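Heads up, the thing below is written out as structure tokens.
Labels A, B, C, D, E and F are assigned to the chains in the order they are written; within every chain, residues are numbered from 1.
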């Protein structure tokens, strides 16, 4: 039976359930009493972390399959910062499909003047820059700097917050960023403390994308 | 006494109450049972429509004044497509201030590949293009085309929808837009029918901005 | 036993052997008596034609597998205009991997001032433009126009050359292109007649990429 | 009597024969048994090194004269990194004329993501940047750094290779280049050792341009 | 009675008469015996210095009023580096209205290759960069660096020249600027000494704009 | 004996004295009673008109020679729209050297929002666009359209003004230009009538450059 309120399906393309649970908990504020349901799932076929071009490529077809199977959802969010399979999925369905990097930058551009990105690793930056050129959103990039953490460390590690403060400070003070973007799906819980610590807005890309999905569903389902 | 749920204040910088009521009605889907209150106000000092550089300049200081007086609001939306006074207001408060053109483009870039804008008038396009360069968001603009309607006509006129379909079709088929953006705050009620008619997503900039404001307030107020 | 002269492996990522044979025949001038061997293969796992994002995504992992298995090759060319799997393959091997769109544009930029692209279909242009932004090579694009032919038609059809002349003329005379690029791997045999007909250089992207591969192999293998 | 195999004429626009001989030796791998002849000549009217705008301007007309006289050649390469006289020569002949900076960047963009340039001198960088803007190829430039060597030193000096390694390392590690380009025609013999030392592709612009000329001649002369 | 020679009205949008007098004195070389009169006025309604978005917004409408009242002038110059009210004023009159930042950059681009800007304060740079994007004049910006001086200090302070030399040297030597632009209306008298000290052209934006206004008036009034 | 008032030397790089006289007459308004002398000369070595890359290249060295010989001049203007020899001359002297295309665009950008260029011939447009990319001044180009006139016709022809109106109208109404630039040194006398006919500012590049030269000389020679 179809959900009356509508449903947003958020898919974690890596198979690490801990990450899915982490960001799901941080989506609580978007679970309105009468708003769309927000369901988070883990892609069984995904690698443990998406850290290479191979990983990005591997998950595109399984993501498409999942999206085609889930008739119960009204909108989809692909919750990995590399936006894997975004165009493949969009091609497969008339329903809206959101990529978190694209949405995260969109929100950052609406909150500040120049955005700085906290990437997990140096190696990801090259891939991200290529995608930024593709998105045509390079002009207001203040800089992207690596945390030099693995996906696992970023999820658990004690010193993750310390690194976020350190790298975020450099983006703010050396690169001139006045809004920051977390460059990974597993850092949501640090968004608010980091914002308070640094005094400039911090965007979590999963939250940014799910908020867009929630309102899009709402506008499509509600009768005036 | 402060509102428990938080409050978004949406200001119409022109003094035309009919326009404020039109877009307020279309924000209903964002008024969640337990979400932030959405209050729409009309700027008493504003001109009847914002159709010139003078109009844009005139409202900046009154908007700032209004925003400083309204301690009860947690976020602000300036509901005019020219984003008048945006930087003046941001400078005046640490609370988030959203401009609808900026947010509308942001949402459009998250939904499609190249966006087309439906401007009220030919004369506005020059001003918009200048602002798009400032925003650094020209690369994925498919085109901007005028409806050649006054603000008054756009709000009331019988043939407004016909023009929207005509101009939207040209943006889609001649300019290659795969997502459209309404270039005026008073067209919200045409969003959904136009989307259904043309078969590509149509973004209303007021709705886009208020959705961003709602989620931003929600994330700042909610304790985990 | 390793080939003394070196070997370039050209992979057709679609499973249409007719296309592979067509472009292989047109690579004859690059098969020098003492130069690297040029071997053309068809990807068994590929779809019959690459005409969608799904097709592009599907072939990335099989291409990578093929490249890893073929120790006998010194350089690889992915012979599909969408450059599918390019970054996935590059990540997998220290040997050079060339994409034909990237190489085709590179050669066009070395021969003329502004290049025009003959795409098979309207639908491909959107995908190509996105990739051009990613490549950072939009500035000298004069235009891209569709032939409105299927892969099958383009390979066999009687009137393919007529369409090439018609569309190429528009690119030259209306868009100001002074060099043309064939936007598909199956059009090689039309390169020379089209060049003669239109009086401006015409680049076949498979030939452009294989020429780069041949010289790269040559410089790596030859002892001074 | 006309050469059956075709002929590429490579002109060194400076009058330093030692430089001509140096790069000619390094073109050996492109001299295929049945391929086009590669002839290298020194422009008698050229200055000893091309190190100023005056030098660039001086050689344009003599280059044009040489090219018009040499009916025996099927394609021309202007072997100076400033691409002097390129447009003057192209205007004078329907045969292809290649500039080594343009071709070198083209090959670099086909081999890697972001390219770094090793310039002879600080003073040349300003001229090169102007030309890069003209070529529309700035977007993927990682950086350009000077070797601070004269043309003479670069050709003979003992410590040239040491400087190449030092500056190339900075381009790779500080600027993020993943492919390097030698910014001078007299450094060819260092290409391969530098590539091996730094572990990323190194492009010699003379070799890049001559390879393009060889294949272009081959495709124009060969009958299927 | 109308002035036979024509008249340029230069308006200082801040109400600091000392600044007006400072730049007026430095316009002496443009007061030709038979050329247009150059009149400098102080906007009574302006703040003491223009150091925020609020200040920029506040003066737009008063500037427009002043310009409409002054029928005796043939051209106007708005003498504040933020170009406040420029588009508002242009909309109000068919007479030419010049902004000093826009004109200063224009002259700098005609004198050198890459320009460096000496801003009064760090906080202004963000505003200037936004405007540079709007002007579409970012490509040849070498850099902008702050003097960290208040408007008052810059007009009086002993050590202003020392800071100009220090920051100008950094722009020239670290950022590669070969022409400098004073990023404030009150620094005119330092232009010539700074130019002599640093050995590269230094542009004063008030002088640049007034020179354009003078010649424009002259061409409109003179009968051949 | 040195001129007390200073002197601007305007060089026509083509050897057509009629053109020199035409623009010299139109510089009368810049010959102030106490301002720098404006001397116009014809380059004896120049071709009759500069209509090709060869012509551009030919005049660079003679222009440099002339500039070095003329110690009596304080600033130089190269009065050909292709800005031939600009960098060669700048390299040769510390005195300011202005190119008319560069200066003309600079003035146009200070007068309007988007500029349109009236080129003599279709063939020149390709050369101009290349130079515009080099200048980094493409963003606000509304369009460039050819008059299809020879240099001789443009100087004498009866119907030149008719063509200017026709093409200028297209630039204004179809391309959205709000300021026009004459793309040739021999059209000065049409500037004012064209401006009056079309109702938007029209820039003559010779006048724009000489005005910059006059004020630059004035500021360097005048003692405060």
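Keep in mind that, in the parts below, contacts are C-beta pairs under 8 Å (C-beta built on N, C-alpha and C of every residue); 3 or more make two chains touch, one makes a residue touch a chain.
This is a predicted model, so every value here is computed, not measured.
S.K.: Show me the overlap between the contact partners of chain C and those of chain F.
M.R.: The common neighbours are B, D.
S.K.: Tell me, please, which chain's centre (mean of its C-alpha atoms) is farthest from the centre of chain B?
M.R.: Of all chains, D has its centre farthest from that of chain B.
S.K.: Which is it for copies chain D and chain F: same residues on both faces, with over half shared, or different residues?
M.R.: Same residues, largely: of all residue numbers at this interface, over half are found in both copies.
S.K.: Out of D-E and A-B, which chain pair has the most contact pairs?
M.R.: Taking the two pairs in turn, the one with more contacts turns out to be A-B.
S.K.: Provide the C-alpha centroid distance between chain C and chain D, rounded to the nearest whole angstrom.
M.R.: That gives a centre separation of 25 Å.
S.K.: Nearest whole angstrom, what separates the Cα centre of chain B from the Cα centre of chain D?
M.R.: Computed from C-alpha means, the inter-chain centre distance equals 53 Å.
S.K.: Using Cα averages as centroids, what's the distance between chain A and chain E in whole Å?
M.R.: So the centroids are 45 Å from each other.
S.K.: In chain A, which residues are in touch with two or more of the other chains?
M.R.: Expected reply: 130, 133, 135-136, 139.
S.K.: Return all touching chain pairs.
M.R.: By the stated definition, chains touch in these pairs: A-B, A-C, A-D, A-E, B-C, B-E, B-F, C-D, C-F, D-E, D-F, E-F.
S.K.: For the complex, which residues does chain E have touching chain A?
M.R.: That would be residues 125-126, 129-130, 133 of chain E.
S.K.: Would you mind writing out the residues of chain D in touch with chain F in their complex?
M.R.: Spelled out, the residues of chain D in touch with chain F are 52-54, 56-58, 60-61, 64, 85, 87-88, 90-92, 127, 130-131, 133-136.
S.K.: Chain B touches which residues of chain F in the complex?
M.R.: Result: residues 113-114, 139, 176, 178 of chain F touch chain B.
S.K.: Using the touch rule from the top, collect the residues of chain F that touch chain E in their complex.
M.R.: 25-26, 28-30, 32-35, 96, 98-99, 102-103, 106-107, 109-111, 135-137, 139-140, 189, 191-192, 201, 207-209, 211-212, 214-216, 218-222, 224
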